[in-house]
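Next come two complexes built around chain A: one with chain B, the other with chain C.
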Partner chain A sequence: MATVTLKQAEKTYPNGYKAIHGIDLAIQDGEFTVLVGPSGCGKSTLLRMIAGLESISDGEISIDDKVVNKVAPADRDIAMVFQNYALYPHMNNYDNMAYGLRNRGYSKADIDSKVREAARILQLEDHLERKPRQLSGGQRQRVAMGRAIVRQPKVFLFDEPLSNLDAKLRVDMRLEIKNLQQRLGVTSVYVTHDQVEAMTLADRLIVMNGGVAEQIGTPIDIYEKPATKFVAGFIGSPAMNFLAGKISGDCKHVTIGEGVRLDLDHDVSADQTVTVGIRPEHLSIAADGQGQINAAVRMVESLGAETLVYLDFGTDANNVTLRLQGTQQFVKGEKLSLTIPADKIHLFDVETGKRI
Partner chain B sequence: MKRVQFEHSAVPYLFVAPQILIISIFFLWPAAQAVYQSFLLEDAFGMSSQFVWFRNFEDVLSSSSWTRSAVFTVVFSVLVAVISITLSLFLAVRADEVIRGAKSYRTMLMWGYAIAPPVAGLLGNMMFNPLMGDLYKAFNSFGFEFNHIQNANDATFVVILIAVWKQVSVNFIFFLSGLQGIPKSVQEAATLDCKSAERRFWTITFPLLAPTTFFLLVINLTYAFFETFGIIDVSTKGSPGGATATLVYKVYVDGFIGADLGGSSAQSVLLMIMVSVLTVFQFRFIERKVHY
Partner chain C sequence: MYQSKWRIFTNHTILILGSLFMIMPVWIAFASSTHTREFIFQNGLQFWPGGHMIENYGAILFDPSATKGRVTALEMLFNSMVLGLGFAIGKVIISMMAAYAIVYFRFKLAVPLFWVIFSTLLLPLEVRIVPSYEVVANLGLLNSYTGLILPLIASATGTFFFRQFYRSVPDELLEAARLDGAGPIRFFIDILVPLSVTMIAAIFIIMFVVGWNQYLWPLLMTTDDQLYTIVIGIKQVYNSLYEGGQIPQFPKAFALTVMATIPPVLVVVIFQRMFIKGLVETEK
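And now, the complex of A and B:
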């Protein structure tokens, strides 16, 4: 279908605010790319630049090797699904889906077959005559999806399409979107701040922060080898534990807390101070009490399938989170001895936040 | 469905009493009087009167001056409503592109609304004054033989111009807030679906403004019917020869200046009937079509 390429794309809003600081990106044909990042980091801005709803201040965006910087949104052959659906309230659902096709001069019969096909896929056949306001949120979302797929565009753009739905529906729609995208094979860019959506949908994940792409990679890559402390803290829930540490003289150990030495699985330049990161799910309780660190239980959250234990390590309060399978009981103040596997330790430069 | 039952008590009636009283004194009572008077023939000094059934109505309906005024009123109202709505819609669309979100701007643009009709009439009067009016001079210097004092068409043009000018700002504000009430994402979805801005306007923006337009149509027709009294009274006074007298203005002229109370009451009763029919028509047939 199509590739999308960004070359040093920048966006400065008319008020002088620079929302996107030069992003390079090459989205492959049929790839599902997810943009994730904290609120205000420029996800929507970037998506809207691809759509043509925001001008590109500097750099280039191309769809299929054609630079689209100056191409009108309607001519870019993209379709977008908005967070609030953005359906046309005065048209029934059939017309909502048919509108884009009519403006592109398709024949009546052609439009009818495309709309009915989309309605069938999205189970909207019974609702075509209704107006959007007569539908539930989930159904409206489907109509918005239908409006995008009837056009068979080169690229789908989604801006937090599920964030107005309740939790259960969100899971259903998430699977549906993934299925649909794989079936149609349309190159897609999806904006979300939901971790689970990001991890499950993405072929490739882009973690954004303050207008730059902090890391681009497969979800698993990013989870296993976060390039920066920001990415490490943003991806994964509950967030990664961060502790201050210092590399030993022999380059093979890191010292945390009051003289706790942890083995490292690779050599690191000696004597530098670092941030040590450990994911809550990689900590485990040493059965024999011979773990590397000891920490006191502060609070316990039981979620049924898993238990989150918040611990005080060293002199800091509540600085270590432990994630355990199943339901387990702990007493407040109880000392736990924890094991940290050497290959699960992440080290970050204190100053730059870069992975070491 | 179960209906909520209120205990019978005098309190609710007490609350609505002031409003009922005002409506009764200033509307129902005069209206009833007008109906009563429309059946009477009174001598010019109000000394004696005689019950004449529908003779006043027959006189009114067969008089050429009333028919002329009725035709003028319809033409005038339709033109004022259509021109001021079209013009203000155009202005609002252009302004909306520039000032999305800038509220202070909007408030300033609204000031024209505060001008009372007689003041608008006075301003118009000055601009069209044959001795010193700039517009009067301008039209004549372009080669039109413009003379609204003697030419009925020119006079009609003047009252329409003033009436439209006065009303455009009100319509503009309503259209502008109507436009700003259209979600930005809906307009953006439309830019992805339709390349032509003009087509987008007619297929998305205009239908979404239909409730506003309908509301303004009602407001503007009412305005042209009734509120332009002040404009006409100050500018043309219905001249030349009643060519710019709306029905409302004619009621006043015949009743208070001509002292034909019976005839003028009959005219106002006819006016009431016409307005009621118009209102019912608007709400029954148009309103149903404009809401989405």
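And now, the complex of A and C:
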């Protein structure tokens, strides 16, 4: 049970490359925090800095109000689950879980009860005598988690733990991890590039880009009020539609395409050019054909539960994606009239990408 | 792949002929070692074993006079075993530790030092034998097992193989071990050594045979008969074949030769199983 605090944490590699540009973060006790971002955004580096596997170039990282910048990984009271499991291949699963406890000088009986308890929680009791290579990917992942929970650490760190599993198993394991974390109530930091994992697991989500935390908040906050254009485009699938627009003189409208005026639900300073964002699921087809914009169908993807329609809008053929419930039929080239609700429009500054 | 009968036939013929070619000299040496010296002197080399095997091998093994020295073949086998094992085990340990330092401790000179070690491949024992002898003599290690083994123990080949192997071990294993509270020595003993078993077996086989077959270095180092290795012993016996106007000791010389080949063969046979088992069940 612990808090993790980062104060202007920075990471500069010896070759001068700055991977992390000063991150401030306070993780509450028992909170499940997810770091999400595209590859190379520094999310794994940040996790490894908390673990102590990467040094901290500047700033401070504390666990439970104790600065750990110079503390060895083993003494930080953390446990980590790796993407490729990193199980010791020559040890059986029991020894894999017991190894850390043995190095810490626990008694044999103590180790045995802790390992068996972890095995019971993770349903690995029948596999303790086997070696990791005799297990399936999901079982190996469980052993790796077992190795983390036997130590009863203050903080769990997960480095893309599910990305080596197939799609179905990934969903199962995701639920298991969430369950386990809630049951044990251990503060956790989880790195992923998968936004579904990020949205479902996180109590608090940190969207990273280029070594900077673009936005920190609850998943729903981030979905509903993305702070930047990057976050808006990264969270949500299919991605948000972006269109160029200009704010009208009366501050209450934005013009897109060839003079299409959309109402805004709040006033914005006049006459500036902006990026207009609208999520595919917030567009709908106007039943009476009297929607605000007209667009032609280019392609349709039917997923069963929902249908994705890709449309061309305006003379410069902007791509607009529309997400509809259920299965619906469209003909290529068919003109659709779409409604855009005023409260679902996101505006971003063209230069800075910041939300307006 | 489909193989015609002809193809199988030719393949097997080639393999059988090749095997015979390799085995025949050993077989002739063995067959000839089981006759009396008079018989060999009169009739030349023999293809079929005679009836004096126990007598000849017994004399060689236990009677110092049979080998024209003051040591029995048994003692020489022991010396060779000490050299072979010391050589192989020493090389494995030293090269594992050198490679461990080079791969896992990123000190500034790691790369240049590795290439310095690697470049010693260009300097085999024969090239540096005089200075090596001088060093060992100055240390007062002539005529000792230490002097016999120690100067040969550093191995660029072994270091190179272990370095390549360690580099293929995923970094996460080291990181997981660090989180599990294993220091550098623990990680080496608990994780790296068990993972390297197949590499160790392979290098041990090669190095044992090389050590066993050392000739020049023991010849230079050992002036005391008590430290003769069996390879030196064979040389001594053949040297003295024609001394004293007696009928040459061909069968006993052959017996010594045959015995000298047995331990390396055994080592290869025994460790090869481990080696292949390791290759089949790839760990990591």
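One rule holds for everything that comes next: the second predicted complex is superposed on the first by the 353 of 356 C-alpha atoms of A that agree within 3 Å, B and C clash if a C-alpha of one lies under 4 Å from a C-alpha of the other, contacts with A are read in each partner's own complex, and residues count from 1 in each chain.
Please note the rule applied: a residue touches a chain if its C-beta (ideal position, glycine included) is under 8 Å from a C-beta of that chain, and two chains touch if they have at least 3 such contacts.
These numbers were taken from a predicted model, which means no experiment stands behind them.
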item: Fit or clash - chain C, chain B, common chain A; value: clash
item: Chain B versus chain C as contact partner of A:Gly100, first or second or both or neither; value: both
item: Contacts of A:His90 with chain B and chain C, given as first, second, both or neither; value: both
item: Which of chain B and chain C A:Phe82 touches, first, second, both or neither; value: both
item: Which superposed partner A:Val186 touches (first chain B, second chain C, both, neither); value: neither
item: Shared contact residues on chain A - chain B and chain C; value: 51, 53, 72-74, 78-80, 82-84, 86-90, 99-100, 103, 147
item: In the complex with chain B, residue positions of chain A that touch it; value: 51-53, 72-75, 78-80, 82-84, 86-90, 99-100, 103, 131, 147
item: Chain A residues within the chain C interface of the complex; value: 51, 53, 72-74, 78-80, 82-84, 86-91, 99-100, 103-104, 133, 147
item: Chain A contact footprint on chain C (complex, rising order); value: 170, 172-173, 175-182, 186, 190-191, 194-195, 197, 283-284
item: Interface residues, chain B side, partner chain A - complex; value: 183, 185-186, 188-196, 199, 203-204, 207-208, 210, 292
